[in-house]
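Listed next: structures, encoded as structure tokens.
First chain A sits with chain B, and in the next complex the same chain sits with chain C.
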Partner chain A sequence: MGIEAYDVVIIGAGPSGIGAATVLAEYSLKILLIDENNQIGGQIWRKPAYQPVSRFRGHQPPTRQPMDLSTGIGTDKNNLHITTPSCVLGVFPDKHLLLSTSDQGVREIKARSIIFATGAREKVLPFKGWTLPGVMTLGAAQILLKQYGVLASSEILISGAGPLAYLLSSQIIGAGGKVTTVLDRSSLATMLNAVWVMAGQLPKIGEGLLALGRLIKKRVSVKHRMQVVEVKGKDKLQEVIAVRIASDGTAVDGSQQRYETQMLACGNGFVPNIELPQLTGCDLIYAVDKGGWIVKTDRSMETSVSGVFAAGEITGIAGSDKSLIEGRLAALSILNQFGKLNSKKYRIRRAALLNKRKHCQRFGAFLNRQWAIHPREWAGIDDAAIICRCEDITMGTIRGWIKKGIRSAPDLKRATRCGMGICQGRTCAPLIYEILAACSVAGKQEPHPLSVRTPVKPIPLGDLARL
Partner chain B sequence: MAWKSADVVVIGGGIIGTAIAYFLSRQKIDVILLEKDGIASGSSGACDGAVVMQTKKPGVHLKLAMESHALLSRMQDHLQMPIEFEQNGGLIVIETDEEKTAMKQFVKAQRQAGLDVELLDHKQLHALAPHLSDHLISATYSPQDSTINPIALTLGFAMGAKQMGAEIITGSTVSNIEVEGRQISAVETAAGKIETRTVVNATGVYASEIGRMLGIEIPIKPRRGQLLVTEARPDLLKPWLGSANYIAAKFNPQLAKEGAGGVSIDQTQNGNFLIGATREFVGYDKRTTTEGLKQIASRAVQILPVLKNMHLIRAFAGLRPYTPDGLPILGKVEKIKGFIMAAGHEGDGIALSAITGKLISELVSEGKTDVALDSFNLNRFSNDTT
Partner chain C sequence: MGIIKDSKNASGIRIDSLQRGRKIVFFVNGRYTTAYMGETIHAALIAAGYHQFRKSKTCQPRGVFCGMGVCYECLVTVNNGSIQRACMTVVEEGMEVEIDGD
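Moving on to the complex of A and B:
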């Protein structure tokens, strides 16, 4: 069977991927936009939430983008091909990609240029018992609501930091659910500071105020600087225990609170989905203020591998606006490389976008700081807390190996099997980098990312055999 | 000024180097092990864990393997790391009458060499491994065949050696070896010089680089093997399994039929299946290929159909330290005093680790070994060419 070739393959159809596709679709190029979700939109424009749950209309621009795009989709005129749900499993030399599709099985395609726009996933600060049924992530609760119109539970306790905790609370209330308490890891001052950082981004402030308004109206108690340290229950969640965290990262004596609940949604920020670029050999950088390991790019969004671009959350967590800008930037750079956009026009348009991006990056740095976990907080995590959920590796086991002298994530993986299970470290790897940094006594060390293997998501062996 | 000194410096923190350091320190010999990356970061961290006797050539090769097996079967008593040694037997499955004839010969020779191995008929085979495809007409079976966790074993050797006084330095690359007259005097690393009169080259696929530092040609080159790992499931396959054309591919590439490469399947203690492996000469390229993955997956599914619906969770490639005759290079190197080779174990380094460690430590401490190492000496290659 022949290998289908495209001028540009875009992996991920969130704001960054869609941003790139809309720019490229104007030109006579053969483009493929791939997303593993059923529909395009990414995290923020997850369908069917196109009709916003809120009646607040202040934040319109993003929701318009996929609409524009969907009218042009599938028309051969544009040569924009979209495949969903399709997952890119691996990247091979010469920009060959292994793609798993719902209708055509596993197949190989190739590209002249690739744009990685694979977004981010959630990060959770682990605590004892977090694998109990009844504990889910903020994003999971949001997906249930946005995509399937289902409330995780009639009552829910929310814990975490950053906008998603509040946004989700507001969405749940808007959909008729009840939020019992919000435990916010960050301080009230940080939240007020957010307004300042977001100055100039009125829609975001509007969204935030709407969320707060709803919480106040429903008398939801919001507790600051509280972190869940343990959950209990027989077979399923019954009780959540939280403590107040002082600014030095230690738990405040006597601050323990207990909450009875059957559902807890928790999350502590996002980490970039860098697996595919890493597999491709793109250089990475470890930047705590950008969300951990990110893909290194130049001003044209090109990675260290020529003809391979990265855009959106994978170059630094900063939200949808930055993603959209970077998607467009990557597309313009490709047009310029392909000789479809002259250098002068390219530079002007690039400069304008780069300028806009600065504001977003400032917001991003603020967000990531808010999610930062103090080394002493890691020290406070119970030995029994599971870190690698696939292989059941506990904090205690990891501490033991650090005591024995292990300093790098790959060494820790070999010694304990953490990161070797079915999720291939998607959940635990970001935690391990931080644990090693926080718990290792030895001086500064270049952190080492865990290696990434094909396939980045599991597939049945039979599908591969039929390739 | 020298940074450190030691009686013996072992270069390489793979299964071979750590086994040697372990056995040396058991003899109370003062040893430093230098590893450029992390322990088990090379071939020994990217391989299978077969300690299988049936795949060894009858003769010295099988003899070494059987001695190594005996050592490994008792190793857990000495190591803190759980090394998952399991003697669940091994099957070489047979698909055609032609293969059956060839395997009959092989089994005969192995039995003469003292290996407990027999030919099973269709019924016996399927009783032993009920999930296997019905098209497999027969198999050879040896109850001695075993498996081990290669990473755990390497770490176990390293930790054991350390406990007995060996110094293990990771993140330390040997950049040069100093010689006075014809005698080794020191090795160089970025951190400084280590004085020593004995150096063991246990750098696997990199052994020729170390040789070049001394002007010695070592005919070891990397032979890539791609390997698949599935999600974990409860017991579906007890013995280790290889296909008859795996044996063919290993010893005689011409015999391996086109398009039907050899395959090995092993279910680990954790429940994951390890499915291997390709044999390719592509330099130091450790990437996987779509052809490689497809080839292994389709052969594995043919032999063990339940694999069809099991998820592949990762695929990776390791490099086997290949030698032209398939045997490792062990022992003293005539040209340079104090230079000892222990590399080139190709696809058998895990199985041969313990015996290699034991023999090299004997060679260092007593100047001679229990088993004669003549047929493994580097000079067997120079004799060929001159």
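Moving on to the complex of A and C:
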């Protein structure tokens, strides 16, 4: 059988992927939209697993999405093909892709143009005991609630910074659950500042006010500048210990607080999912105010590999509005390259979108600054805390190797197996970059991302053998 | 099939304002457990009060962490053979799920 060919393959069906698909679908092009999740929508437009939605108040109806995801996309546009749950295992510079589908195993497809819209994952500052069952990311608790209507526990302690911690708290309360305390890493001043930065983004301010209103009404105690440093429990979380962090990254003496809880949801921001574009050979850059390693693109969203585009969180963490805009930008550029959109129209539409993107990028830079963790805190992680969860490598081991002179993440991986486990470094790599920077003598750290390989996600061996 | 026991005392909670699919049964280490069509294994396990899904390389307890397919902490054995991420796999009627710890 010949290899299935598409004009455009879009990897990731969040706002950026859907933004691109909706623009492209207006033209006579054969498009494939792929997502690893059962449903399209990405992180923000997750819907309850079972439709239709009823009175679930914790679920915010997606008001700003381009079309009704449950019915619109893919039905009236028969040139737009959607495959879920399907995971892209590898993309090669000649624009061939390896795709793992639930019904057809692994197969190869090819495209004239590719858009990476793979979004972001969460980052957590490790602490002693963070591997205990009962400790999960903010996103994990949110997905359980939004998609499956499951509260992870009757009472939840929330720790983190940025909008997601408050959004989740509000969603839990709205669904009838109990948030015991919110430990907010940032100061009250930063939070108030957010209102100013979000000016012009009314829906976000509305969401924020609703969240705060709910917290106040339920008398949830919100503690600022607090960070979890240790959790305890035998086989499951029982106790959380947090301290107040001063602005120089040190713990304030006597500020220790203990909380009894069975569930802790925590998060310290997002990291771009750059592994697939990295595998394809797209240039990356390290930008702290954009969330770490990001995919480098030009103003048309094209990466360093011609015909391969990147859009959304992978070009810099800034939230759904930027993702949607960049998805549309990438689509317009492809239309222009394919000769479907004349240069004048293209330039006008692109300029308008680039202008809107500027505001989102400002918001993104603010968010990433708010999430920033002081190097002293990275360097101060307890030696007993596990950094690589797959291989159970501790901070003590890593510190030891850095003292012996290791300066880059790839060298650290070779020395310790850190990042070599089944998640292929997705959880620990972003932590290692920060730890290396914080523990190395100034200027001596070498910024190199961990290498990636095909398949970017483990698959059953039988599937590859069938290829 | 082993002895059929009722599911454990749930510590996770299914909120009642979300419309759900049909009620189904599946088995956790041979124990009879309820779930709803469309739920992932991880949601059904947590709702049934299971938090430890497996043990790590050095035998430490692990459970759901990222909830979105990134960390592989939620690996469980499904139908006596394949090892799957519980958070990315939809539970099915009669499915046998094996976890290491309960």
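Please note the rule applied: the second predicted complex is superposed on the first by the 433 of 467 C-alpha atoms of A that agree within 3 Å, B and C clash if a C-alpha of one lies under 4 Å from a C-alpha of the other, contacts with A are read in each partner's own complex, and residues count from 1 in each chain.
In this text, contacts are C-beta pairs under 8 Å (C-beta built on N, C-alpha and C of every residue); 3 or more make two chains touch, one makes a residue touch a chain.
Everything numeric in this text was worked out from a predicted model, so none of it was measured.
Q: Give one of first, second, both or neither to describe whether A:Pro410 is in contact with chain B, with chain C, with both, or with none.
A: first
Q: Quick one: is A:Ala5 in contact with chain B, with chain C, with both, or with neither? Answer first, second, both or neither.
A: neither
Q: Report for A:Ala175: first if it touches chain B alone, second if chain C alone, otherwise both or neither.
A: second
Q: By the touch definition at the top of the document, which applies to A:Ile422: first (chain B), second (chain C), both, or neither?
A: Both partners.
Q: Once the structures are superposed on A, label A:Gly149 by its partner contacts, choosing first (chain B), second (chain C), both or neither.
A: second
Q: Quick one: classify A:Gly134 as touching chain B (first), chain C (second), both or neither.
A: A:Gly134 contacts chain C only, not chain B.
Q: Looking at the overlay, does A:Pro85 come into contact with chain B only (first), chain C only (second), both, or neither?
A: second
Q: With both complexes overlaid on chain A, does A:Cys439 touch chain B (first), chain C (second), both or neither?
A: In the superposition, A:Cys439 touches no partner, neither chain B nor chain C.
Q: Quick check for you: in the superposed arrangement, does A:Leu354 touch first (chain B), second (chain C), both or neither?
A: The answer is neither, since A:Leu354 touches no partner chain.
Q: I want to verify the contact counts: of chain B and chain C, which reaches more residues of chain A?
A: Partner touching more chain A residues in the overlay: C.
Q: What residues on chain A does chain C touch that chain B touches too?
A: 421-422, 458, 460
Q: Give the list of chain A residues in touch with chain B in this complex.
A: Going through chain A, the ones touching chain B are 90, 92-93, 96, 98, 108, 404, 408, 410-411, 414-415, 417, 421-422, 424, 451, 453-455, 458-462, 464-467.
Q: What residues on chain A touch chain C, complex-wise?
A: For this pair, the touching residues of chain A are 36-38, 43, 48-59, 85, 121-122, 131-137, 139-141, 143-145, 147-154, 175-177, 235-236, 262, 389-392, 421-423, 426-427, 457-458, 460.
Q: Report the residues of chain B in contact with chain A in the complex, numbered from low to high.
A: Spelled out, the residues of chain B in touch with chain A are 38-41, 45, 151, 155, 159, 170, 228, 230-232, 270, 287-290, 293-294, 297-298, 300-301, 307-316.
Q: Note which residues of chain C are touching chain A in the complex, please.
A: 11-15, 17-21, 36-40, 42-43, 46-47, 51-53, 56-58, 60-73, 75, 82, 87-88, 90, 101
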